[in-house]
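Going in written order, the chains are labelled A, B and C, and every chain counts its residues from 1.
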Amino acid sequence: MKKTLLTICAAVALLAFVPFLAFETAAAKPAVINVYNWGQYISDGSDGLLDVNAAFTEATGIEVNYSTYESNESLYTKLKTGGSSYDVIIPSDYMIARLISEGMLQKLNYDNIPNYASIGESFKNTLYDPNNEYSVPYFWGTVGIIYNTRYVDTVTSWDALWDERYSGKILMFDNPRDAFAAAELALGIDVNTEDESDLRAAAELLAAQKPLVQSYVMDQVFDQMERAEAWIAPYYAGDFITMHRENPDLAFCFPEEGFNLYIDAMCIPTSSTNKEAAEAYINFMCSFEAAAANAAYTGYGSPVNGVAESLELTEYERGIAYPSDEILSKGVAYLTLSKEATQIMDSLWLDVRTDASTTSWVTYAVATAAVVIIAAVYLAYRSNKKRKRAAKRRADADGAR
Amino acid sequence: MRVRGLASPYLAWMSIFIILPLCAVVYYAFTDSVTGEFTLRNIVSIGNYWPILIKSIWLALVSSLICLILGYPVALAIARAKQSRQRFLILLVMLPMSMSFLLRTIAWVSLLEDTGIINNILGKFGISPLPLIRNNGAVVLGMVYNYLPYMILPVYTVLSHIDPSLIEAAKDLGCNRTQVFLKVILPLSVSGIISGVSMVFVPAVSTFYISKKLGGSGTTMIGDVIESQFKTAYNPNLGAAISLVLMVMVFICIGLMERFSGSEEREALM
Amino acid sequence: MSRALKIILIVVLFFLYLPIILLIAGSFNTGTDLAVFKEFTFSNYVALFRDRTLIPLLLNSLIVAVLSSVIATALGTAAALGIRSFGKRFRSAVMTVTNIPMTNPDIVTGVSLSLLFVLGGKLFDRSNVLGFTTLLLAHITFNLPYTILSVMPRVTNMDPSLREAAMDLGCTPVQAFFKVVIHEILPGIVSGLLIAFTMSLDDFVISYFVYGPSFATLPIEIYSYTKKPLPPKIYALFTLLFAMLLAVLIVMNIVSGRADKRPRCSNITQLVFRRKDVEKT
């Protein structure tokens, strides 16, 4: 019995090394790329649409390691922390400019991306990449307010996110840039302000909103809004269309004070070890089939010529995914803030999120101390009593002797 | 004998993967994120997070106590069950532990939400939704749920090793059931209680997922702060500093508890 | 009294299993919301088997768990044998360090290892250091204390004369080791292997800090799923894993119950024991 167990163990140990070796060789093969994208931002084969990553592998033989992030800031953290190399990332405009200025992106070889020609002219020579060297647009979109018409009166302004009637039913962005922009727009401040007092004012407004906020979320917004667990949330227009199809009670508003208009674009970070395969991926994403499937799945605005017209959207949906020029004129782009301003914003945001300053910790401290002291006294009392008893026993024994 | 040499691979491993990482934490905690020079700034700025740290300790303590109150009778019930059934019951207690705690926590979310199962049922009786989620209570519930087995198992192990003749003796000497429990069983199980409390307390104080899912906008725990430093806010130096403080604190707590439980055992042997 | 205890036991078990029942029900639900059961279906299971990412990730998890538990057990057994012959001072120093990963909050262990790996990556100029190797190293590291502590008591209780007797009977030291020593400590090795395997399979927190884009495990993927609308095929996967584990545990319990003639301490409870002993040492 024991002998067989032993042989089994040995066999398992030996077998265990086989995949190890296999993986080492797999890692050495060049045809794998690491793609790092936003969550819910690619057609994954559901809803009868094209599974884009699988189609890419089929067309080129290049395997895709696909993983997702929640915000530009967590993407930045991941890249900056190091240790992981990515071949294709899809940051937003302001983050692209920041990454370029910090030397974290590679220049693309557009000869390997022939489909770049089909990108609309209005998405070229942008502020974040003026000479079209580092990026290829993936999607564009707007930020607005999504609300449940059953519970919330018609929304026209960012102020609705501070409306106490909806206390506990408000969701808020879980990333500093979008959250600050909401507060800044509500205050009538420029979303690209670098002035410290402006940023502080926005942080104060966010802190004031905190007691009303149900939770700070990114893609959990889908579940929360569709099930009416939350009633009002600022989010991206493309995702509204997905939610609206699940729950027709939801409505979308382009706030009158203005709103963010953004472009997310594909880039290759300097840590990439497989630039040509990455460019092939970018090229594939710009092909009509891939772009159309992605646009249909995500609901975001595609920069690829002809895709927008080909989509099956209702009049209402089209008005939100591809708004009129009149509405778009109110959109503002985020620009990269100076290092100092970014730092201030990040630390203010952390304060808002962690609520360090306002937690009434004294009660907790007193209560904790009380419990600890009671436990300590009890245990000390017990061991004291025992010691006495033991001493007494010893004394008795001595006496007896 | 060359048996001694058998430990050398482990000693090497230990120094590389246990001691060196701790040195890395200390190094990060005392250096500046940009310049890489020595600084005390990270340690000083932990001051901002004292309230959160204290609150985390409090919530973890409350969860440990609730685990004790719930877990002790369960352990006792299992220890008193028939021999063959004991094994089965312990299995039942352990099984949930090895299933994804992420998904089990998600299941609690859908139980407790305003539109969740419990409130749906209450709604059928015309009761308006109760605030069951996104408060400290929900976080404590999540921690109790996840870490209760860690309390039951050590207490059970100690209880099942109490010599039944001790209890017989106490009964013969005229103790009633309550007295037997208070004078014999409870004192003999203190070491199990202490080990259970520490096994619940440590993961509870450092959790970040449970507070994220079951907590609301105002129930940040110290684990959340550490996680966000490494995953979103890019400030590993501050994160390392907070980790360092958390670690030192946990070691002090465990050290103290072990001192007590150690002395208890020595006495039990006397 | 006894009845009250029974009631508490049943209530607590219900409390422990309620979410699991809910997840299992969710796997047969046509809707995505756990709170509302729409209609019975197997389509989530179909979707699970069609999924190209979840099953490979499950395999990844298994690979890491098998490798890390086997390596940790080998290293830990050797260490336990060796540590025994150390002087008292040195031995207690080594055991203190060994306890660190166990007492430390998981998040601190994860953070410290990730800092080490990233620093190492910078040192050797490897931008993609995080991946399979780091994940494996981290898992071995947090498994080691458990394996050492489950083998250690066996080593301590081993009668040294057994080995000497074997050598007197003509065994070489190596033969004596494999024929006698291993046999004596085998139960400790097996239980160490089992704890290490389950710990590694289920670990999220430490893996979360040391995984890389090229290699993730199932809990990490589940975590990223819980931040998005959850596809119910995850519940199907959960249900299957639960069923498998249940089957394995029942079989193991029956087997160990038959093999084990001592009254208490089935294999399973022994595992727990060790965990508890660990806290004490």
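Just so it is clear, contacts are C-beta pairs under 8 Å (C-beta built on N, C-alpha and C of every residue); 3 or more make two chains touch, one makes a residue touch a chain.
Everything quoted here is computed from the prediction, not taken from an experiment.
Each step here moves to a touching chain, and the least such steps from subunit A to subunit C number 1. Using the mean of the Cα atoms as each chain's centre, the chain most removed from subunit C is A. Set side by side, the interfaces B-C and A-B show unequal numbers of C-beta pairs in contact, with more at B-C.
The centroid of the Cα atoms in subunit A and the matching centroid in subunit C are 31 Å apart. Between the CA-based centres of subunit B and subunit C the separation comes to 17 Å, rounded to the whole angstrom.
Per-chain CA centroids place subunit A at a distance of 30 Å from subunit B. Multi-chain contact residues of subunit C (touching two or more other chains) are listed as 33, 35, 114, 230.
Residues of subunit B in contact with two or more other chains: 113, 115, 230, 236.
The multi-chain contact residues of subunit A, meaning those touching 2 or more other chains, are 70, 81, 227. Those residues of subunit C whose C-beta lies close enough to touch subunit B in the complex are 1-2, 4-6, 8-9, 12-13, 15-20, 22-23, 26, 33-36, 75-76, 78-79, 81-86, 94, 97-98, 100-101, 103-109, 111-116, 119, 137-138, 140-141, 144, 148, 198, 201-202, 204-205, 209, 218-219, 222-223, 226, 230, 234-235, 238, 241-242, 245-246, 249-250, 253, 257, 263-264, 266, 268-269, 272-273, 275-276, 279-280. Considering their complex, residues 48-52, 54-55, 57-58, 61, 65, 113-115, 131, 134, 187, 190, 216-218, 220, 224-225, 228, 230-236, 260, 263-264, 267, 270 of subunit B touch subunit A. For subunit B in complex with subunit C, the touching residues are 1, 3-11, 13-14, 17-22, 24-25, 27-28, 70-71, 73-74, 76-78, 80, 83-84, 86-96, 98-108, 110-111, 113, 115-117, 120, 145, 148-149, 153-154, 156-157, 160-161, 177, 191-192, 195, 198-199, 202-203, 205-206, 208-209, 213, 223, 226-227, 230, 236, 239-240, 243, 246-247, 250-251, 254, 258, 261-262.
By the touch criterion given at the top, residues 70-71, 73-74, 76-78, 80-81, 168, 172, 175, 210-211, 213-216, 227-229, 346, 349-351, 353-357, 359-361, 364-365, 367-368, 371-372, 379, 382-383, 386, 390 of subunit A touch subunit B in their complex. Contact residues of subunit A toward subunit C in the complex are 1-2, 5-6, 9, 12-13, 16-17, 19-20, 23, 27, 32, 34, 36, 39-40, 54, 65-68, 70, 81-86, 218-220, 222-223, 226-227, 271, 273.
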